[in-house]
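The structures considered in this document are given below.
Both complexes below contain chain A, partnered by chain B and then by chain C.
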Partner chain A sequence: MSLVSVQHAPAARPIPVPTGWAVAARQLRSVKILFPFIVLVAIWWAIQAAGNFPDRVLVSPQRVFDTMVLLISRGVIAEYVSTSLKIIGIATAISIVVGVPIGFAVGANRYAARSLEGFLRFLQGVSGIAWLPLIIIWFGFTHATTLAVVVYTLIVPIIFNTMIGTRAIPEHYGLALRSLGAGRLRLITDVYLPGALPSIVVGLRLGMGYGWRALIAAEMLVRQGGLGDLIFGARTSGQIDRIIGGMIIIGTLYLLIDRLLVQPIENLTIARWGVLRK
Partner chain B sequence: MSVQAAPIATTSTARRALGQLAWTLVPAAPFVIVTLIWIMATGILNPSKETLPPVTDVLASIKELALSGQLATNVVASLYRLLLGSILGIVTGLIGGVIVGLNRKLAESLNPVVVFFNAISGIVWLPLMITWLGIGNALAVFLIWNTVFFIVFQNAALGVQLVPEVYEQGVLALGGGRWQTMRSVILPGALPYILTGIRTGLGFGWRALIAAELVGAATGLGTMIFDAAEYHRSDIIVAGCLIIGVIAIAMDRWLLLPIERRTVRRWGLVADTEKER
Partner chain C sequence: MDAATNAEKIAVSGFRHFFDTEDGPVQATGVVDLKIRAGEFVTLVGPSGCGKTTLLKAMAGFIRPTEGTIHCDGKLVTKPGRERGVVFQELAILPWRTVRRNIGHGLEIAGVPKVEREEKVTRLIDLIGLGGFEDRYPHELSGGMRQRVAVARTWAADPDVILMDEPFAAVDAMTRLTLQEELGRLCVATRKTVFFITHSVDEAVFLGDRVLVMTRRPGTIKAEIDIPRRAAGGRDWESFTTDVEMQGIAERVLKLVRAERGLTPAEEARAAAGAGA
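So, the complex of A and B:
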């Protein structure tokens, strides 16, 4: 389906016991990862040095680095980051708690599934950020507004993928369990949840990708703290160093969340409950 | 016997027809339900028009926007940006993705940069690009290109990498050249991934466009709803959201799905998902 975009997680490698050679090899690997970035920064530096741009247009990597160190040491970054992370965390929790049961309920019935599919597609077409003006009228310029936009964005892929995952479970599994006397709860914990989990995780990952962008965009407009506010606020005072520094932090954070949180869950579920069907 | 059999047959066909009808009508149900709740909410709670505009107001403002030509101007402005940005994104992403997909060493060394820039693709560039490009078409086109490029690029590269080497060798063994392998093996093999990339990319691009237009444009659907918020014209906001959704659906249904059907499904490269019920 279109929503299940290609996001292959690399298979988990067994971690070898680090010997002298392995450590050296790993260091070589990390250098290899950094190498293209070093080239990029060098190009940036060369352009900046050659072009002699004013500070409002482009600053040197050195300046950006200094600004980042300053912002981190003063605790400014920590505050903006914690605001953003808190909102995405709460939004994710709400979306899972609300979205997954809805997905199960709808997925269990083919008429319900068919009826909701078009509606969810429509909701997904109207991005959360498009509702932002209306939500601002409702909740004002507050964190509640940002949270509402992010939940709206995150919950749709989760419901959708839970539904698809539930539909893909062979009907006999449920029937078999029911004929053995299993109740509704048992059916959910033993059939629906494990069967749909790989699909749910794909939905979660896709939703967090959409949600993170919606969060940044909403923060830019709501202006109540958060990383979007940090970089958009710096624009009015022409602080390019803050903007670029903020972008680097946003990218790094997103990767950390994806690699350290979402991908391990994906690997774990796929490894445990069999390969994700494509 | 035959007298009795006839009515049974008709009821079963009638029931089947009814089931068929329900099956075709059922997608409309949530829309109808939401509209009914909306009508009831405005009728019973009687909120101010700014909080929740009545359905009739929204329909009236759609009509008004359409008749005054405002709607057409904004839709055309948005679609023009989307078209330009996506074509740039698809072309560059496809070329880059195929080159990188064919060259494993290059793919490995470039991967960290691609992953990082994908993480900050789209809207994150807005503040920097407003200072560089100013408010206008260039800004929106850049943001869409930036969004579409990485998704198409990654999918194309992956698709090319996943084409079994045996097929390539087969064509080579039969005397095909490099261009022929490319045309008859690699591109068709990677096509499902490429099309998925384009479809997903356009979805992301449309969102990025609306977000960009909220602050970074003088016309467009995003600008229209954000301006309406200043005057607390909720009816225009809701109307704009509905139009945004309809355009997104229409694009997917009448542009991307047919392309996918005509190429990938016809060649039997992926299972037809529409058939499973």
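So, the complex of A and C:
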């Protein structure tokens, strides 16, 4: 229902000239987003200061910050980050290219959809990490193993949501187009793809979230680079600052991917399609 | 086209259809034999659930008849084709396409060059009175306007035969009268072969060159009534409602429809109310 309000959104509204108050309000909003983080760091600082823990148990936020600056400036982080981003990027591309057509095929066939729904839910239950022992036996401790786990995790929500989206398209759309002479390819480009797009994007966003977590977990066990490797490797040498710094980067990167990449795509499709689909 | 005016366009012979359900096959229609000449406007009126839509879907090629055959221009119908356009009761234009892109969709599929396509679409948009709405999306239009777009989309693709399944049933009563008049004019102007399903007696008599009456399920065609030729400019409701001859025909058809036992009171009321239902 809230989609309806998007209908008359940005373009029509006059753009307000930012006044002093507006700027202050915007700053207040960004503080609001940062507020929980500030509280968390403050608690951490307080515990660390009060407990006087040895460095092997807990270090101060300052220390983590310094380590992060050092690792970033030496390019160490960049290398781990690029390994992780490369894998999630490739996994996303594979999952879309393979998952969306499967979702269409399953969604367009009522019987296939009904019989596969339970199976897909079962697969969702057997997490990517549960596959890891088997995949390590098959592919060894390689990037291929990590990639396989991430694709598996990412592709199921994409297939599932594409299927749901396809099934929600009224039957008449396809019938009308077929009587206009449309072939299979036309039906996909003109009916299934635009019709299921909002649902596909929801699946993509969910999948990216699950996939990112699976990626970090797989990297910790496969140990071939990536942020999971960074924090798990630091454990053996007891480098608490590296572990916490790595965790901060993992969370921040996901936030950036989601907010700057996936969410805008979702908003765009829902803002446009949500209204159009009615 | 004119040379073929009296030629047989559609031939349904020995048609009978069963639906497969979990409780076994259910008979959707009785045996139907039907011939439609080129350029003829045939309306089929019958109670809800009598199998009208099943027959139309088979003619469109969406379903294979359990028994019998359907030929269009002497060719056996086995799948949908662009020579047989369909207008549905439900909204079937695509919500993510503008009016212009919806109407031009059939031409786009046929690979008609853009310039030619735009020209044809613009002409149709003017004809159906949607000028100024070319770049609007369906959700920005009224129900009547949407159904005009659906009709125009089918006409734009220039099929030989147009199959219409209660296309105006979901439109408000006043708009419906206008749409019926417009459709009448459009058909006179383009000489298409039309097969039109309705459960409104007045609509069937107003639009048709020939009215077929179907029995309740499993439906067969129990009567057919020829309607006097329309004036060159099509009909309008004012003269239709004051025309004694036409009203006499409408009454006859109504009696035939009401004689179908198994009508619910609601259906009877709907049939009796006719176009204003």
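Methods note: the second predicted complex is superposed on the first by the 253 of 278 C-alpha atoms of A that agree within 3 Å, B and C clash if a C-alpha of one lies under 4 Å from a C-alpha of the other, contacts with A are read in each partner's own complex, and residues count from 1 in each chain.
Assume contacts are C-beta pairs under 8 Å (C-beta built on N, C-alpha and C of every residue); 3 or more make two chains touch, one makes a residue touch a chain.
Note that this is a predicted model, so its numbers are computed, not measured.
Engineer: A:160 in the overlay: touching chain B, chain C, both, or neither? Say first, second, both or neither.
Structural biologist: In the superposition, A:160 touches no partner, neither chain B nor chain C.
Engineer: Mind telling me which of the two, chain B or chain C, contacts the most residues of chain A?
Structural biologist: B
Engineer: After the superposition on A, what does A:116 contact: first (chain B), second (chain C), both or neither?
Structural biologist: first
Engineer: Would you sort A:231 into first (chain B), second (chain C), both or neither based on which partner it touches?
Structural biologist: In the superposition, A:231 contacts chain B only.
Engineer: If you stack the two complexes on chain A, which partner ends up touching A:80: first (chain B), second (chain C), both, or neither?
Structural biologist: It touches nothing on chain B or chain C.
Engineer: Scan A:192 for contacts with chain B and chain C and give back first, second, both or neither.
Structural biologist: neither
Engineer: Enumerate the residues of chain A that count as touching chain B in its complex and touching chain C in the other.
Structural biologist: none
Engineer: List the residues on chain C that touch chain A in their complex, please.
Structural biologist: 60-62, 79-82, 84-86, 88, 90-96, 105-106, 109-110, 137-139, 150, 153-154, 157, 159
Engineer: For chain A, which residues are in contact with chain B within the complex?
Structural biologist: That would be residues 1-2, 5-6, 8, 32-37, 40, 56-57, 110-111, 114-119, 121-127, 129-134, 136-138, 167, 210, 213-214, 216-217, 220-221, 231-232, 234-235, 238, 240, 243-244, 247, 250-252, 254-255, 258 of chain A.
Engineer: Write out the stretch or stretches of chain B touching chain A in their complex.
Structural biologist: Against chain A, chain B makes touches at 22-23, 26-31, 34, 50-51, 108-110, 112-113, 115-117, 119-120, 122-128, 130-132, 151, 154-155, 158-159, 193, 196-197, 199-200, 203-204, 206-208, 210-211, 214-215, 221-222, 225-226, 228-229, 232, 234, 237-238, 240-242, 244-249, 252, 256, 273, 276-277.
Engineer: What part of chain A is in contact with chain C in the complex they form?
Structural biologist: 170, 172-173, 175-182, 186, 190-191, 194-195, 273, 275-278
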